[in-house]
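Common to both upcoming complexes is chain A, partnered first by chain B, then by chain C.
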Partner chain A sequence: MSLISISDIDLHLGAGTRSRQILDGISFDVDEGQTFGLVGESGSGKSTVLRCIAGLYRHWTGSIAVDGDTFESADRLAWCRKVQMVFQDPYGSLHPKHRISDILAEPLQIHRFGDIDRRIGEALEQVGLGGQFRYRYPHQLSGGQRQRVAIARALVLRPRILLLDEPTSALDVSIQAEILNLFKDLREELNLTYVLVSHDLAVIDHMCSAFAVMQAGKIVEVLTRDALDAGQVSAPYTRALLEASGHYDLAAPPSAQS
Partner chain B sequence: MTDPILSVKNLNVRYFSARGLLHAVRNVSFDLGREKVAIIGESGSGKSTVGRALVRLLPDIAKVNADRLSFEGKELLSLSERKMQDIRGRRISMILQDPKFSLNPVMSVGEQVSEAYLAHFKVSRAEAKKRAIEQLASVQIRDPEHVYGLYPHEVSGGMGQRIMIAMMLIPDPAMIIADEPTSALDVTVRAQVLSLLDDLVQRRGIGLLFISHDLNLVQSFCDRVLIMYAGQVVEELRASELHLAQHDYTKGLLASLPRIGQRRDRLSVLNRKQDWARDLERQP
Partner chain C sequence: MSGTETMTWREYLSTDTITSGRQATAQRLYWGTRSFFSSPLAVFGLVVILLLAIMAIFAPWIATHDPLVQNLARDLEPPSAQNWLGTDEFGRDIFSRIVHGSRISLYIVMLVSVIVAPIGLVIGMTAGYFGGWTDRVLMRITDIFLSFPSLILALAFAAALGPGIENAVIAIALTAWPPIARLARAETLTTRAADYIAAARVSGAGAPRILWRHILPICIPSVVVRITLNMAGIMLTAAGLGFLGLGAQPPSPEWGAMTSAGRRFMIDSWWVVTMPGMAILIVALAFNLFGDGLRDLLDPRQSR
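And now, the complex of A and B:
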């Protein structure tokens, strides 16, 4: 049975006459231990899908189940402990005036965990940061270290699922390699399951066994990594993505489509 | 190369801040002709500082010197601020990473293009508006009349970037400095912006300095690549020969990239050597 099962999610955002349909019939399943990717053009709804799974939006229709529990029937706090999110921006997502120890303690306090000190130490160790980082502020860390703190914050509650929204796109490629390796190690060690959003097909190919391609609120195609490597893509948008990804084709400038 | 548009020899930039002195750019030398030259390097390596030094847009705490910083035969460092402003507006354009910060949030994007037009040509407002709409169309914006009236927060990242480019093209620049112009864009929009820039180099003979940390992109889009590390250009290569890099830093960067179809369990990570930051020889 799949760990995450999403079926037929519709979501509208915006009030009154400005209301727009943002997600249209989103369905996919993710097995335990798998990394499932989401790619697609800017504004196609990738972050919104993650927000729905994380419970940050609640007014969608359809069904989202994790480990057999549906979102409606589950206890909110329990859901949140199971499903954690890591955001794109390692600068914006950490409170600038809080020490790293406070940032990691906050979710533990909300969920009334004991033994907070030990848990913080453990999470920092899991992301490869030593105890000396505890008392620093975010501005005293490099971009890669900040992203590690953001991952540690997601890990302190011992979730089963991490939702990763462009977790490396603000980082240099050398730091990206460290963070992607870390995700792979953590997946093994902690038996995690990931949903990963990225605009970089090579990152998706490296991390994910399968991924969905989104366009304008819909999933246009679900592909396995093997199909991608063999170039077996069918949706025109996926092909454009594959062709534009990682390189610029001087011979064939793209057609305008604003 | 015959008469480069820009020639830089031993450019140095030092920041004197409360935290002390930082020698952010060290003896950087390069020429730019009618071509696309990339500067790549990690965050903090000095790429933007080089770009800003060329248009003299650094804060007061920055001290700039160079043996040569000549643009179209003029020595930029010895020009008056007024002359420099003139060059900045007319001959050198700069595209910044985040268009939303560069556009005025309380003015419609079309009016901003019109204003740019009025600043350079003696025409009526009606004429400026007409030209502005043409300019928007020329950067592949569909329905430019409609987009003219939108405010910056109402346009997507890719559109914002193209509007910036439309504004930049009005004065007919000889050189464009593009500081991470596409990192905020998704690949399909990115391809459109690049093809616009490419077109300018091919058809108008503009020199493009392209600051980026996207190795794959630079390899296929640019003609030459300067690799910066800790303020110095540690290696310079033809873009098509990036894979022949000799410097360990460049090799390390290339090895750390995931690539479609080359499956590896782990990506290789950079093993920094102190040696990479040591002073290189100055150009004579």
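And now, the complex of A and C:
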């Protein structure tokens, strides 16, 4: 049985005549330990899917289930302990007036975890930051370091699922591969399952075993990496997307160069 | 040369390897204070406000005369060695009256600020964060208060509650909170969509926690600045109420009332109106400069 099971999600935003359908019949399943990708142009609703799974939008219809528990029936805090999210912009996802230690301690305080000090140190270690970062403010950190803190905050509750919303697109190219490899290592180490949103097919190819192509709130096609590598693409939109990514070389994922 | 095992204060406050939360707070305070003191205008504001506070606390020892004792033989005397800032129409020493008046001014300004800041913050943050009907109802109430000219509304309240400083404070507070609420709402609206708020919600934080721990720290600096800028206006409104007989009552040396009373003698005895007016001007300016300096101190994005 798959760990994440999403079926027939519809979401409307806006009221009355200005109401627009953002998601239309989204369904997919993700197995444990898998990295599932969501690709599409901006505005296609891929980040919105993550926000629905994370519980940031509540008024969708359909069903989202994690580990057999549906979103409606699950306890809200228990859901948070299973599903955590890493945001796109590390400059906007850390509170500018909180110290790193406060940022990491907050989820632990909400969920009444004990041993907060040790857990913070552990989380910082996991993302490759030393203890000297603990009492800094976000503005004293670089973009890559901030994103590591954001990852540590997501990990501190020991979730099984990490939702990654373009986690590298706001970073320097030199840092992107570092962060992606960190995600790969963490997945092995902590047995995590990822749902990764990206517009970058190279990132998807590097990380995911399967991915869905989205356009205008719908899933156009679900592909495995093997199918992508073999060029077995059926939907015309996917083909256009592949061509639009230019001289992108399917045979050479970014890790091969670094 | 000091030994390596003991850290000097300078090293403790500027090192990059921070080992405790207390050190981080100390560093922030140290560098914030440094940047505050590097601005001469902010320091001027702070010094004037400190002098005002000292003046208010030690008024009976600083004043050269009793502020209420009349001496009709020496009315409308120009500034001299005996009466440093001259005397008013009843021969009372203006310097002593200004010194004692600082108590009334500080009392009104502080009390109004302490009442207005929490009310404005709570209403503005609630409206901004929850949106929808909560926002509409709270903001329409704010609009109603905002659409009255503040002095007129204060007048109506003071007339209904009766004259006196305490009632003037209540009346001014009732008219001073709407701008704070609007400001807090605007700040909340811009912060509410931020990713760090979304991250807090994904962590399981409820609305009270998000408002208190995440949105309040963002609102505080601009509200503090706004309130210090408002303090001059609060003093002037208090003076206006005093002039109309609804604020501080006649013998009490309130600066605004002194200015109003001195109006009649402005042509022949300029000091009667000028001295308390200058006091209001300097203190209002000091509050404004201090507010600007304080914003730098409270905002870690701008320090170091």
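We adopt the following convention: the second predicted complex is superposed on the first by the 245 of 258 C-alpha atoms of A that agree within 3 Å, B and C clash if a C-alpha of one lies under 4 Å from a C-alpha of the other, contacts with A are read in each partner's own complex, and residues count from 1 in each chain.
Just so we're on the same page, a contact is a pair of C-beta atoms (placed from the backbone, for glycine too) under 8 Å apart; a residue touches a chain by one contact, two chains touch by 3 or more.
What you see is a predicted model; the values in this text were computed from it and never measured.
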{"item": "Contacts of A:K97 with chain B and chain C, given as first, second, both or neither", "value": "second"}
{"item": "Touched partner set for A:M85, first chain B, second chain C, both or neither", "value": "second"}
{"item": "First (chain B), second (chain C), both or neither touched by A:D229", "value": "first"}
{"item": "Touching partner for A:I161 - first (chain B), second (chain C), both, neither", "value": "neither"}
{"item": "First, second, both or neither for A:R136, with chain B first and chain C second", "value": "second"}
{"item": "Contacts of A:A152 with chain B and chain C, given as first, second, both or neither", "value": "neither"}
{"item": "Chain A - residues contacting chain C, complex", "value": "51, 54-56, 76-77, 80-81, 83-85, 87-89, 92-99, 101, 106-107, 110-111, 132, 134-137, 139, 150, 153, 157"}
{"item": "Touching residues (chain side chain A, partner chain B) in the complex", "value": "41-43, 143, 169, 172-178, 180-181, 184, 199-203, 205-206, 225, 228-229, 237, 240-242, 244-250, 253-254, 256-258"}
{"item": "Residue ranges of chain C touching chain A (in the complex, touch as defined)", "value": "16-21, 23-24, 28, 194-196, 198-205, 209, 213-214, 217-218, 300-301"}
{"item": "Chain A partner contacts - residues on chain B that touch it in the complex", "value": "42-43, 140-142, 156-159, 162, 183, 185-192, 194-195, 198-199, 213, 215-217, 219-221, 252-253, 256-261, 263-270"}
